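In what follows, structures are represented as structure tokens.
Each of the next two complexes has chain A plus one other chain: chain B in the first, chain C in the second.
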Partner chain A sequence: MSIDFGLIFARMPEILAAFWVTVWIWIVSNVLAVFLGFGVATLRRYGPLWLDLLLRLLVEIIRGTPFLVQLFLLYFGGPFIGLSLDPIPAGLLGMTVYSTAYYSEIFRAGYNAIPVGHIEAAECVGLTRGQIIRRILVPEMTMLVLPQCVNMAILMMKETAILSIITVPELTLVVGAIGSQQYAFVEAMLLLALFYWFLVELSGFLGRIAEARLSKFRFAHS
Partner chain B sequence: MTRSAVTVRDVHKSFGKTEVLKGIDLSVPQGSTTCLLGPSGSGKSTLLRCIAFLEETTSGTIEINGQPLGFAETGDGKRTRLPQSDIRKVRSRIGMVFQQFNLWPHMTALGNVTEALVTVRGMKRKEANAIGEAQLARVGLDDRGHHYPSELSGGQQQRVAIARALALEPDILLFDEPTSSLDPELTGEVLNVMRELAGGGMTMIVVTHEIGFAASVGEKIVFLDEGKLLLDGPPSEIFGTPRHPRLQQFLETYLDRGAATLV
Partner chain C sequence: MSMRLFELMLWAAGKTVLLSAVSIMIGFAIGLMVCAAKLSPNKLLSIPGRLYVSLFRGVPLLVQLLLIYNLLPALGIMVPSVVAAIAGLSLCTAAYQAENLRGGFQSVPRGLLEAADMVGMSPWKQLTRIRAPIAFRLTLPALVNEAILILKASSLVSVVGVIELTRMAQNLSASSFRPLLFYSVAGGIYLVICWTIAGGGSLAERMLKTEGRA
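So, the complex of A and B:
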């Protein structure tokens, strides 16, 4: 028996459609999670104590349980509380919630890493709290947390494979099925690995460009 | 008699159970330079930070140009917090310069100086830049406006920080150990800027370890020890003989290191 990609390439349109599903779910859920994660970290920092504790508990629960389990609960358990979702919306929601928890922790640490003096200097020249967040904290934090955000996005890229268990028609599900049907399972998995590797390299590359652009004001302390 | 720019009355400040300021009274005349000296832990930085309203006093009052800062007395010995807008108004008369410069690293020197003019005062970018460039020229950095803090030396960063404070035309400038994180070589350029400001009639309160600067530029020397104001007077009186034994002891630590020369 020899490796023959021809069997797989015959089904390329289906594979590209699945590739597209993977990519858009990944991008949309990560973009949403970055904003939501920032929101969660900001509420925890400036909101009342009870809200901080509540959000902290939610973040701990999400970070403390496997993504696979969360997806099962959402997709199969959801209908019991009136939340019946199709695979794609369920996958998108699951990905977003899961990564929001992690992004919120990245931003929380980012807030804490900004020297207090930078905030005091802004207070001294009369900036309001909202202006301080917008003009000082967000830009400073962006450069501090960028490497971790890229890392998180890469991890979440690979987590999209788990969406196959709730039948989201993404790469792993589709390519795996084609491999079984064509009796070319190894070829399918090799191709699959290649796709993910390409996406991970691409995001790493984009991340490095962004970091280089921001590096000018990176090491600004005396 | 000159009006008082800053009046501190019976100010106490505690952090938890630790009382850092134990009843400070101080009056800073307009247009004068007051230097706060004292060993570390004496409360001099805390006092300065209370005047900048970066710390809130536990009790006592601080007035800026006769206006109460932060709190109003209600008459029965208690006090109420003033509305945020009042606090901001009084605070806007004060400029602060920090030991660690605290420039915002994502903005150029000019961006740092003009930030509040645009964001707080609502000035047009062009107008703000004109003011910013003038203030940078005042501290001798007219050619560094487009550099980021990371591209500037410590002394240059501190001068940008001074320009940032000056851009808002404060009545009072506070300096919290402005040269303590600078190399001796870079200290001079910052002290020179401060000397010029003092000569120009700016009201300044300076927490410093530069005894020479205090003795030559300060019109009033305040010596704090263990949260209390021990000495308050002109340099000739404070540094002249006979010296207060606690001050003598403090000065000796400098003289031991051969680091300071008195006037």
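So, the complex of A and C:
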């Protein structure tokens, strides 16, 4: 077996375009999911009991089934209930729903980890519920959940590879296709693995810098 | 859906469980070795250990599976796709399990080991009587979690042609034009298995719990 990466590098413009698809789907779905996940956690905490139970069931269903099956259901089953989506919107929607479930659990744990005393103190000085959420819970929670959110975002970066199965033109699909066309599939996959490895290590590194920068805002645990 | 088709789905679910269980067990064995290498004071062992964990946790499982599935024949090793699938799942979960185990071993209270030294226990005895049992109990929740993750990740081996639950749902929905039905049933079966593992895990945790001890 001979290894020749030149065959793959010759197609660099296509690979860069695919890289861009991977990155924007990753960023958009994760940003959406962070806000939606926070919303779900907040509704579960302050909403009526039936809403809490309903959301909990949904979160458990999403976390208990494979991402691939969810994508198949959305992409191949969707048209039967009038939801015909192209691969990219389907992938984006699937990623967002899947990550929202996980982020909501991170935020739920974050809410629970805030010392009750802080909330009681805020109530004593007459802050409204909205003020308590905005001024006390959100800032304190941001610090608490940041490491888990970084971790989650990195896991989601790797999940984007699965979108190739429903033909989203992202890195794995495009590099795999180039590899097949050039009869250099193993080289293509090796390159792909290195690429993702680099991306994941880079995100982890940036995440650690962000945590170090923000750690000065961390409150002391009582 | 006829009974016959549902039986096919259940048979495929059995295969999914088998694949995942075998991979978790092989992965546990590899993970123990990687963990030992990583914790070793010898740099010739700890650096490859660190590299292993970083590499297998840094590359998407799908890419690992495609790579293993295509690399082995290119190197002249002909194996059935099931073997490639189990190899991929095991190697990947080993990296995660090694990290969990490392956390467990590092959380064993120092005082217990000092006490063991005082009463003259040999390092081997300390390992088998104190460090391993405590580390195992501490990592059990993470192990259960990993089992659930691998069960879900095993759906990816459908792309290298192994017939398991996801692949079966794919085949049946392609031949019947009823993807909603078959993918929902597949999802439901995954859910039941996941909840069973989670329930069994918390039962085991409660049984292993001994109050007052580490």
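The rule is short, and it goes like this: the second predicted complex is superposed on the first by the 219 of 222 C-alpha atoms of A that agree within 3 Å, B and C clash if a C-alpha of one lies under 4 Å from a C-alpha of the other, contacts with A are read in each partner's own complex, and residues count from 1 in each chain.
One rule holds for everything that comes next: a contact is a pair of C-beta atoms (placed from the backbone, for glycine too) under 8 Å apart; a residue touches a chain by one contact, two chains touch by 3 or more.
All values derive from a computational prediction rather than experimental measurement.
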Room on chain A for both chain B and chain C (clash or fit)
fit
Taking the superposition on A as described, I'd like to know which of chain B and chain C A:Ile27 touches: first, second, both or neither.
neither
Partner chain in contact with A:Val125 - chain B first, chain C second, else both or neither:
first
First (chain B), second (chain C), both or neither: which does A:Ile136 touch?
first
Applying the touch criterion given at the start, work out whether A:Ile165 contacts chain B, chain C, both or neither, answering first, second, both or neither.
second
Hey, is it chain B or chain C that touches more of chain A?
C
I want to verify one number. Taking the Cα centroids, what angle sits at chain A between chain B and chain C, in steps of 10 degrees?
100
Shortest CA-CA distance in Å separating chain B from chain C in the superposed model:
24
Residue overlap on chain A between the chain B interface and the chain C interface none
Residue ranges of chain A touching chain C (in the complex, touch as defined):
1, 60-61, 64-70, 72-73, 76-77, 80-81, 158-162, 164-165, 172, 176, 185-186, 189-190, 192-193, 196-197, 200-201
Chain A-touching residues of chain C, taken from the complex the two chains share:
54-55, 57-64, 66-67, 70-71, 74-76, 148, 152-156, 158-159, 166, 169-170, 173, 179-180, 183-184, 186-187, 190-191, 194-195
Taking the touch rule as given, give the residues of chain B at its contact with chain A in the complex, in rising order.
52, 54, 88, 91-92, 94-96, 98, 100-107, 115-116, 119-120, 148-150, 154, 157, 161, 164-165, 168, 181-182
What residues on chain A touch chain B, complex-wise?
115, 117-118, 120-127, 131, 135-136, 139-140, 143, 216-222
